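The following blocks contain the structures, represented as structure tokens.
Each of the next two complexes has chain A plus one other chain: chain B in the first, chain C in the second.
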Partner chain A sequence: MRIDRGHFRWFLFSTGLLVVACVTYALYARGAPGGPTGGSAMGLTFGIAGTAFMLFAALLGVRKKRPHYRVGRAATWLKGHLWLGALSFPLVFFHAGFEFGGPLAKVLMWLFILVFLTGLFGLALQQILPRFMTQNLPQEVVYEQIDHVRRALLEEADLLVTGATRRNPGVSRPKSDGAIQGRVVESRAVPAVQDGSDRAPLVRFLDKHLKFYFQPRGPAESPLADPNGRQVLFEELRSDVDPRLHGVVADLEAYCVQRGQLEAQRRLHHWLHGWLLIHVPLSWTVIFLTAVHAVMSLYY
Partner chain B sequence: MLEPKTARDLVPRVDMTYFRRWHWLRVARFVTTMLLLGVAAFWVIGTSALRNKTIYANGPVSSGHSFIEERCGSCHTEGFRKIYDASCLQCHAAAVGLPHVPAGRGRDPACGKCHAEHRGNTLLSAVEDKHCNTCHDAHSDITSLETHIWFRPQPRDQHLRFNHLKHLDLDLVGGPLECDACHVVVGRNFAPVRFAEHCVRCHRETVSADIDIVVPHGFQIGELRDWIAAVYVREWLGKRPEEISPAATVPGRGGSGPPDWALAIAERTRSAQAALFQPGRGCLLCHVAEGQKILTPEIPDRWLPRARFDHQTHRFQSCDRCHDLREAMSADLLALPRVETCRACHNRGGARAKCVTCHPFHPN
Partner chain C sequence: MDSPAQPVGDALGLEEMQALPVFGDCPPELLDDHVGAVLRRTFRPGEIVCREGESGSTAFLLLEGEAEIYLTSPVAHLENVYNPRGLLGAITTFLQAPVRRTSTDASARRRIPIDAPAELSQDSPTTTLRAGDLFGEMTGLSGYPRSATVRAQTDVEALELRRGVLDLLKRRSRAFQAQIERNYKARALASHLRGVPIFLGLSDAFIDGLRERVELVRYEPGQVICTQGEDTAKLYVIRIGFVKVNRAHGDGEVILRYLHRGESFGEMGLLGAGRCRTTCTALDHVEVGEVRREDFDRLIDAFPAIRAELEGMAREHTERTAPVGSGMDEFLVQGLMDAQDLLLIDLDRCTRCDECVRACAASHEGVTRLIRDGLRYDRYLMPTSCRACHDPLCMIGCPVGALRRTDSLEVLIEDWCIGCGLCVANCPYGHLNLHGSGEDGRAVAGPPPKAIRCDLCAELKESPCAYACPHEAVLRVDLRTVAVGVR
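And then the complex of A and B:
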């Protein structure tokens, strides 16, 4: 989520709360005879507030799994996740009096620091990568669809090369069915134009380069992955085929460009969401250990 | 170029069931979460199974309690409760002793209020000054030894004149004395200086020049006069017993007035007494007389009654480092160190300078 003007009220609220917490902590730490401790009334207050914010931040995952629940907009939850989750960081340190305590508390604090840092890292990526993708990857698809689209593109390329069929652009016509009225697109598959040209170079190119490039590992090893190499290969192909098939060559080149974009998108998506592989498991571990810490600390 | 696609053309590219499948990133996230939770649960349950509860502690216990570090129940007798003082007093009753807060003015705070455990290898007795200031707010300006601007010594007159400088003088007969000739450390303080043990080695007062009998110490003026007279009577008896025979002393036989021998003894007694009680000499060299009474010296055990100083722990320092004897011209002017002297060592980064370093909370 990008930090924009829509976060202003959250920013004001969180900053205000942080200032109040800082002043309270300073007064409390100055007056506490034995120094600030998590077991004191003020320390417990900081701990409870910090834990509440952590829990709210963790509930974002639950909220995402239940998008139909009428419990506020997902964007609001995400903003709350960002700002309240960030606010829990100083509150937890105020609770602990900036001490790391015993073994469990130490582990908890270090995990929490990691959660916070990975969250910051993810937030920083969210400020850069989506904009970059919008500008540089115009043919972006849903990440989970990348493999499916890759296969679909290869099928389309195969059809283009073998000249089996072509789909006409389709015609939009008004249609009504009782009270339901609207426009529908009608299209039909038609055989490709049999122009009598020699398609053997295209078939060879398809078999030799395209099919490999459209494999999952293709972009890593195929010369088509490199824009310069791709340009050279397609120039050679153009010189080999009948000029009447240059349109098909151009289409194949466009498929290759799109394949490249899919791969770039996959890579960027791994960056954009890969940090969650650390952030989310650590977050749940922190919540589990926080519960243990709370119960055992109150017990003893 | 690739011809423009309509939505219908693009339909085959859309997998309508993709949301039903978990992508490997989500699977990996789930598996990692479960794995980490499993490790955390294994750690917690495993340590509980091994009865090792120190992982829940806020930190290591103090060095003094390290032998019960793994026996939580020694102090934590009940779950979800604070630690009772009774747990501490099981071992520390003798050290705590009487209450600190005077009767009728509240109760002593709980042990843990000042002696916070699980703070690592610290000294529990090193209590922070803030604890003291919660009640002694009149001294809230004294936040450290740096702001402790004065000492309040024992104000009373100890009725004794003593010149330290003269006893340390190189020209002293027999050579100058060392401090420990009189001041012997016993425990934290010094044993009292006693005439019979220390002073008598040099200060032997005889009755008079003509008879070498040492004057006993500890008599009042009247008692001393009688004692001197008795000495002279015994001496007279030894030399001319017939003059003091019972027959010679029968009233009416020896004429009027006291006999000559009695007058002579009275005169010698007066003379000896005058010699002993000359101002600044004899008994009055050290003692103070008021009329016919020698005032009993009142030398306090501790010159700073509100504080505790441990001479034993300072034994590696030379005495004159703290006690400036130039100020000790007489016993009235004590050679007590000033607070600046203490600050030279007791400062931040140096020796401890907490309230309780000098002012113990527990009377014992």
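And then the complex of A and C:
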């Protein structure tokens, strides 16, 4: 979520609470004979408040399970998740008196720090990556369709070069190619025109470079993945083929550019969402261990 | 109970055709060319004559007996279905129920137009066909899907007419035409006249008087019925066919809407309220009922109170439908019609988490109408939602007239959609889908399919996709406010 002016009220509210908590803790710490402890009344108050905010933050996951329920806008929930979740961090430290305590408390505190840091990391990524993707990946597709589009592009390249008559029905889908006027693009490739030109260099290029580059592991190993290498290879191809086929070469190059964008999109998508694979399980672990910690503290 | 009909009937010979009154005034030499094109079909009670949504190329003329004509598809809205069961269900319903906008659409129709002499009520979409009734005329002439299911109620004898012979009858048989006109005036015309905006709420006596003055006129595909700027001085009510309504705009034209059976145009000409503001062209075999201004004037002399009322309504109608200013050109160029809500996704904010898609699916019985793909404009993505194109091709050919434009030019799919899929095929942008159909578009088991479009949940104050977006990236922009400013 982008942090912008829409967060101002949350910022004011959270900052106010933080100031109140800091002042209270300072007074409490100064007056406590043996120093601040989690078991004191004030320490418990900080612990309960911090846990409540943690629980609220965790409820965002539950809210997302029912996206159509009218229980408050998801954006409001996320703002609460960010600001109250962040506020729980100092409150938990106030609860513990900045001590990590016994083994369970120590594990709990370190996990909590990790949750906080992964959350910050995810938030930072969300400030940067969406805009980066918008600016640098104009041919971005729906993530789940990346493999489909990759295969479709190869089919089109094949069609363009060899004139094969088979068609991938998946290519035929309504799609804009970026123009503001949407239109049905069944396939950008037209079957190879039999104009007497020698297509052997094109076919060799297709077999040697393109087919490999369009495989899942292609971007990691193919010279076409590198923009400079790609430019060199296509220049060589242009010099090898009949000038009448330069249009075909340009189309193939465009396919390669899009292939590169698809791979970049996949990578950025993993960054954009991968941190959740750590943040979410850790969060639920912290919630669970917090419950254990509370029971054990009260029992013993 | 439904049972299959006989697969074939008996082809009529020349003498048999001549013996029938409807062929009485057709020249034998012309009839001779159509021997074999007329089948005599018989149906036992309960047998299905034809089914809604089926393709076909023939019309049926009922000779004897009675048949029920009805829609099998439920007249239902494909929106959220809340079925509270118990306390938990009630709580869930409360949580799901969004705030709805109140509809102010004055153009909403109350009757379902079908390809038959009668119309169907929305509450109970069934009626009876009797001897002399012709149904499937548009299927026979123009190949549109069957608009309704017909089932024999008694022993039925019918003629199945192929296009050529149907065309011949309409051109050369006065008896046939008179029969069609009589049936139309008796059973559907009053409802059609009541659909004319300026006639809403007028007395039955006035409508009856108007009905007597209607004359049926045929137009061939492509023929211009009235031209923008001309003094038409006529009211047109469509009996069959589709009419394209367009208006000159800058150097080109804007297609305002496609009118179908039961809709009307030219009513302002009756009141002398200026020249025709649009050009209306027959898209296929069109037949319209026409009322001339002289006849209308004679009628209205008998109802002096109505004239003032009509003129007031005409003024209001004129203001409401005033042409948009030239400032809208940019919207038109971009394929975005005026008076639309537009769904945008701010890609700088969007983390591609697809919460919007999940919310859409959860709100629409598990089927998402939102595909996070489409046109890009700067940092905004315009997902595949209905843009109410300036040429709404989806509206052409709907056998039950279920697609229509509101006064604000928004395209709506009425609840009586029979799921034939013609609009889905016609939409050039793939923005319409058949709910309840497989990937290849064919129907799957379950409720009958219906056409759906992402209408941006226009009836809701905030669409589920925007409500569920955690990043405030989904925006529903109300272009109506922009349009009003430009006007």
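Keep in mind that, in the parts below, the second predicted complex is superposed on the first by the 265 of 300 C-alpha atoms of A that agree within 3 Å, B and C clash if a C-alpha of one lies under 4 Å from a C-alpha of the other, contacts with A are read in each partner's own complex, and residues count from 1 in each chain.
The rule we apply is simple: contacts are C-beta pairs under 8 Å (C-beta built on N, C-alpha and C of every residue); 3 or more make two chains touch, one makes a residue touch a chain.
The shown structure was predicted, so the numbers you read here are calculated from the model rather than taken from an experiment.
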Touching partner for A:Leu104 - first (chain B), second (chain C), both, neither: first
Chain A residues touched - chain C or chain B, whichever exceeds: B
First (chain B), second (chain C), both or neither touched by A:Gly34: first
Which of chain B and chain C A:Met1 touches, first, second, both or neither: second
Partner chain in contact with A:Phe56 - chain B first, chain C second, else both or neither: neither
Which superposed partner A:Ala254 touches (first chain B, second chain C, both, neither): first
Which of chain B and chain C A:Val142 touches, first, second, both or neither: both
Partner chain(s) touched by A:Phe121 [first = chain B, second = chain C, both, neither]: neither
Partner chain in contact with A:His273 - chain B first, chain C second, else both or neither: both
Partner chain in contact with A:Phe13 - chain B first, chain C second, else both or neither: neither
Chain C-contacting residues of chain A that also contact chain B: 141-143, 273
In the complex, chain A residues that touch chain C: 1-2, 6, 60, 64, 66-71, 73-75, 77-78, 126, 129-131, 133-134, 138, 141-143, 173-176, 178-184, 269, 272-273
Interfacial residue positions of chain C with respect to chain A in the complex: 80, 92, 95-99, 333-335, 347-353, 355, 358-359, 362-363, 371-377, 379, 384, 428-431, 462, 464, 467-472
List of chain B residues in touch with chain A within their complex: 1-4, 6-9, 12-15, 18-19, 21, 23, 25, 28-29, 32-33, 35-37, 39-41, 44, 53-60, 72, 76, 79-80, 113-114, 116, 118, 128, 130-131, 133-134
Chain A to chain B touching residues, read off their complex: 31-35, 37-39, 99, 101-105, 141-145, 148-149, 152-153, 155, 167, 169-170, 185, 187, 247, 250-251, 254-255, 270, 273-274, 276-278, 280-282, 284-285, 288-289, 292-293, 296-300
